[in-house]
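Down below are the structures I want you to see.
In what follows, chain A forms one complex with chain B and a second complex with chain C.
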Partner chain A sequence: MAEAAESSGDPGTTSPRPLFAGLSDISISQDIPVEGEITIPMRSHIREFDSSTLNESVQNTIMRDLKAVGKKFMHVLYPRKSNTLLRDWDLWGPLILCVTLALMLQRSSIDSEKDGGPQFAEVFVIVWFGAVTITLNSKLLGGNISFFQSLCVLGYCILPLTVAMLVCRLVLLAEPGPINFVVRFFVVIVMFAWSIVASTAFLADSQPPNRKALAIYPVFLFYFVISWMILTFTPQ
Partner chain B sequence: MMAAADELAFHEFEEASDLLAETPDAATTSGSNQLTPQGHVAVAVDSGGSYGAEEEVEESDRTALLQEEKQQPGFWTFGYYQSFFDVDTSQVLDRIRGSLLPRPGHNFVRHHLRNRPDLYGPFWICATLAFVLAVTGNLTLVLAQRRDPSIHYSPQFHKVTVAGVTIYCYVWLVPLALWAFLRWRKGVRERMGPYTFLETVCVYGYSLFVFIPTVVLWLIPVPWLQWLFGGLALALSAASLVFTLWPVVREDTRLVAAVLLSTVVLLHALLAVGCKFYFFQPLPLAHPAPPTQAASLSPDLPPPP
Partner chain C sequence: MATTAAPAGGARSGAAPEWGGFEENIQGGGSAVIDMENMDDTSGSSFEDMGELHQRLREEEVDADAAAAEEEDGEFLGMKGFKGQLSRQVADQMWQAGKRQASRAFSLYANIDILRPYFDVEPAQVRSRLLESMIPIKMVNFPQKIAGELYGPLMLVFTLVAILLHGMKTSDTIIREGTLMGTAIGTCFGYWLGVSSFIYFLAYLCNAQITMLQMLALLGYGLFGHCIVLFVTYNIHLHALFYLFWLLVGGLSTLRMVAVLVSRTVGPTQRLLLCGTLAALHMLFLLYLHFAYHKVVEGILDTLEGPNIPPMQRVPRDVPAALPAARLSATMLNATAKAVAVTLQSH
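Here is the complex of A and B:
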């Protein structure tokens, strides 16, 4: 201990002594039992957490996932630069949105096979393959976002367009005419812009700076095609 | 020091780009090197500046490093495909501008691609063109129906598939055939090697860009105006292709050159005319009334009491 005090007295001149240098002189006698319990609070917390998700009720599980999905919906509706969508990504939201959109967009069975709007499968394929292509494109350009994070963001940002589809369906129940069309057009344009702004807010930061436009343009094309499908939807 | 800075600035040399075309794997060194390391193409800069022996060694070291860097990763790695997307926004815009304004002396591949073809441009230009074709084709139907309510409107979603398949096949299969043909004729040419497959795809992809605004302009329902725009777009696009292919083909016999170039232009014209007729049909015949069961189920009719 004396040596340690000396070395701390003049720091610059001598080489630093190893910590606890004096402890090697202490010997432990054989008859003192060295035993006890070491509890790491975090580990026990995790074990407790694991068993609780197994034993919890189904309602709890579903509500937890639904709350996560709902929280992300809020993030899309009020887009700020935040990391929530990227950090805790999930694909439930995109699946729900895609199925809703495809169900609403599919042509009725009375339509002729050849000339009608998209089928359920076509909408589904366009949404998912479009999202996969855009993700591959941004990764090939050198973006540092993971595959599923990007799919998650693109899927969640379809929410404004799904809302537009709902509104369009309601508006179509009224009298057909030019006002009808103008209202639908306006709603779709606003929601299209909202989707683009939301997805740009989340995705733009992960792209290399001189290629941002190259990565964002396919997103623009993707939402444009979906908006087009919504706008040209005519119930028979 | 000023003279040295001037020599170090990048100069564009016609000779250099031609030499680079002959040996695409070589790296160029500039400077009045006395010794040229093997495998390097040296362009003599006639500036009278003298470089010390140390600088020459440095140059050859650096170019050796550059050559090692250029080793392509295997085609099963992600990095291989990433090398085809190694472009910046400004480069893509520059290439698009180059395809829109073809000039006789300017070879698209040499001056704009500079041996770094990319797949981003062709892929997304084709996708855009396919969707724009389907959308504007549908829009003409909407506008026609507004004028003549007897025309039956339908979203015609299957046209998207047709457009996509046609354009992607065109941009992949025609350059494949062209590239194969040029390689077969390679023996006749001494000076310039043929373009790689990707460069051919690139040229074709970027040359299709001019059709995107044209297709939008085809919304105007005046027939002679549509043909005028179509002709203009075809001329620009085909000119860009011809000016790019001319340096490669002029070494060949007259007959082969003429046949090749006219085939290229003809195929391009076929694509343009085919798209015009398929997507912008002269007004479709009025469909017969929907089947009576559907009419009676229509929500407009009041339910029978």
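Here is the complex of A and C:
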């Protein structure tokens, strides 16, 4: 064993040879027992699929998922280069945001029943199919992000625009006029820029470095369409 | 993820003779299949795969044991047991065959790698192609090169959709956003795909040297002129300006496409037919987008809302032409804002 260690040690110190190049020179005689331990580094956040998560109360499950969603909201609101959204992706947050946005963009259907239908479905379809298209585009451009991770990031980055929708709805309670419009325009523009910055912070690293602009441009169009729907919304 | 998948794949292929059932699994190895079954990300290790292997091995052993037990039962029970066992085996095999076919078909159609070579572009290339689409070439004696990529055209179609939506900014047009969005997407994609196919068919008749992909790319980049014209004229509502842009910018992009097609076609009649059709369709589409598209929208609104909406004022605003440029833009914005306010107040 000592000879084996020596001979494997030497190639490394003498000259830059490829790794494990000297292993072919090692001969281990028959009567030396080869033994040892292999320790597998366990990832710290693997959820153990044993019965403990099945037996816990519903409240625990919901609170745990809600906390995860809330943590990701914080990451979106203060975008730094981090891997949280990518590592533990989930689609609950995008679903909550999309449903909230679609509900708020729904017009009240008191006057004409025909207005009640399409907005919810339209927002839903635009958000999900837009996200799918952007994901396919970034995969085709050579990005190494998975399908659901990209959906997760794009969905979570709708959060600023949902906040803008809330603000616009509040502002619309005041009397209409050009100042109203300017305030809403300003809010929507700021939140639109925030969404793009947030999604760029998460998605840009997964693209080849010279093609980042090509992958970000459809994200820009996607959030532009959503911002446009928010800005041109009037309740009646 | 890629690094952990590769050794696992290597281990599997090394042991392929023993675990023959996994060849279909490594068939598409390295391709970007949208793999809905295996959530291929957060696991990050091959332990899930190894677990799956063991699971399948166990299942196969269980099946083999069950089959062996049934065989013994069959021998014991005679003819009746034999028939039951046979039918069960046949059903089993049909299920396995069906499952294999379904997964193979799924991996074939969900394999987006077919489109990957068409998206292999750099930003500098896209920029230069966008600029070149406005410059008509003079040399028509030998076939001009057309870049066969789909990223630029696809993004231009989406940009056109966004610009069409942006153009509906007076309040009347936002009530039925749903229909308008669908109409915008349908119009733009319908034009790009439909006219490309039609011109490709004509090119086939006229013996022109162009493939479908090249036609899609050519027409897609020709929409760049449309995007510019519409973006400018939706913000500045002057008919004279629109006609000028229509002729200049639309004309330039049409000339470019026509020149490329002429360089790839032989014979005066064929050239005339092909290029005349393309030029007419391209210029008329721009005209349609500016004028008739909004009439279609107003028509939808009128039929839905009834006649009590004042008709949209699409006449050129009375803007004194002698104003200096800065005040001109301010006046334009004021006029637009006033129109928006009037229509807002009418509700």
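Assume the second predicted complex is superposed on the first by the 178 of 236 C-alpha atoms of A that agree within 3 Å, B and C clash if a C-alpha of one lies under 4 Å from a C-alpha of the other, contacts with A are read in each partner's own complex, and residues count from 1 in each chain.
The definition used in the following text is that a contact is a pair of C-beta atoms (placed from the backbone, for glycine too) under 8 Å apart; a residue touches a chain by one contact, two chains touch by 3 or more.
Computed from a predicted model, the values in this text were never measured in an experiment.
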Going by the contact rule stated at the top, is it chain B or chain C that touches a larger number of residues on chain A?
C
Please work out whether A:Asn144 is in contact with chain B alone, chain C alone, both, or neither, and reply first, second, both or neither.
second
Should A:Thr232 be classified as contacting the first partner (chain B), the second (chain C), both, or neither?
both
Is A:Lys67 touching the first partner chain B, the second partner chain C, both, or neither of them?
neither
Which chain A residues contact chain B in one complex and chain C in the other?
112, 114-115, 117-118, 122, 137, 139-142, 210-211, 213-214, 217-218, 221, 224-225, 228-229, 232-234, 236
Could you list, by residue number, the parts of chain B that touch chain A in their complex?
78, 81-82, 84-85, 87-90, 92, 120, 124, 127-128, 131, 135, 138, 153-158, 294, 297
Please give the residue numbers of chain A that touch chain C in the complex, ascending.
43, 86-89, 107, 112, 114-115, 117-119, 121-122, 126, 136-137, 139-142, 144, 146-149, 176-178, 181, 210-211, 213-214, 217-218, 221, 224-225, 228-229, 232-234, 236
Looking at the complex, which residues from chain A come into contact with chain B?
110-112, 114-118, 122, 137, 139-142, 210-214, 217-218, 221, 224-225, 228-229, 232-234, 236
Give the list of chain C residues in touch with chain A in this complex.
1-2, 32, 34, 39-42, 44-45, 112, 115-116, 118-123, 126, 151, 154-155, 158-159, 161-162, 165-166, 169, 171, 174-179, 181-182, 304-305, 337, 340-341, 344-345, 347
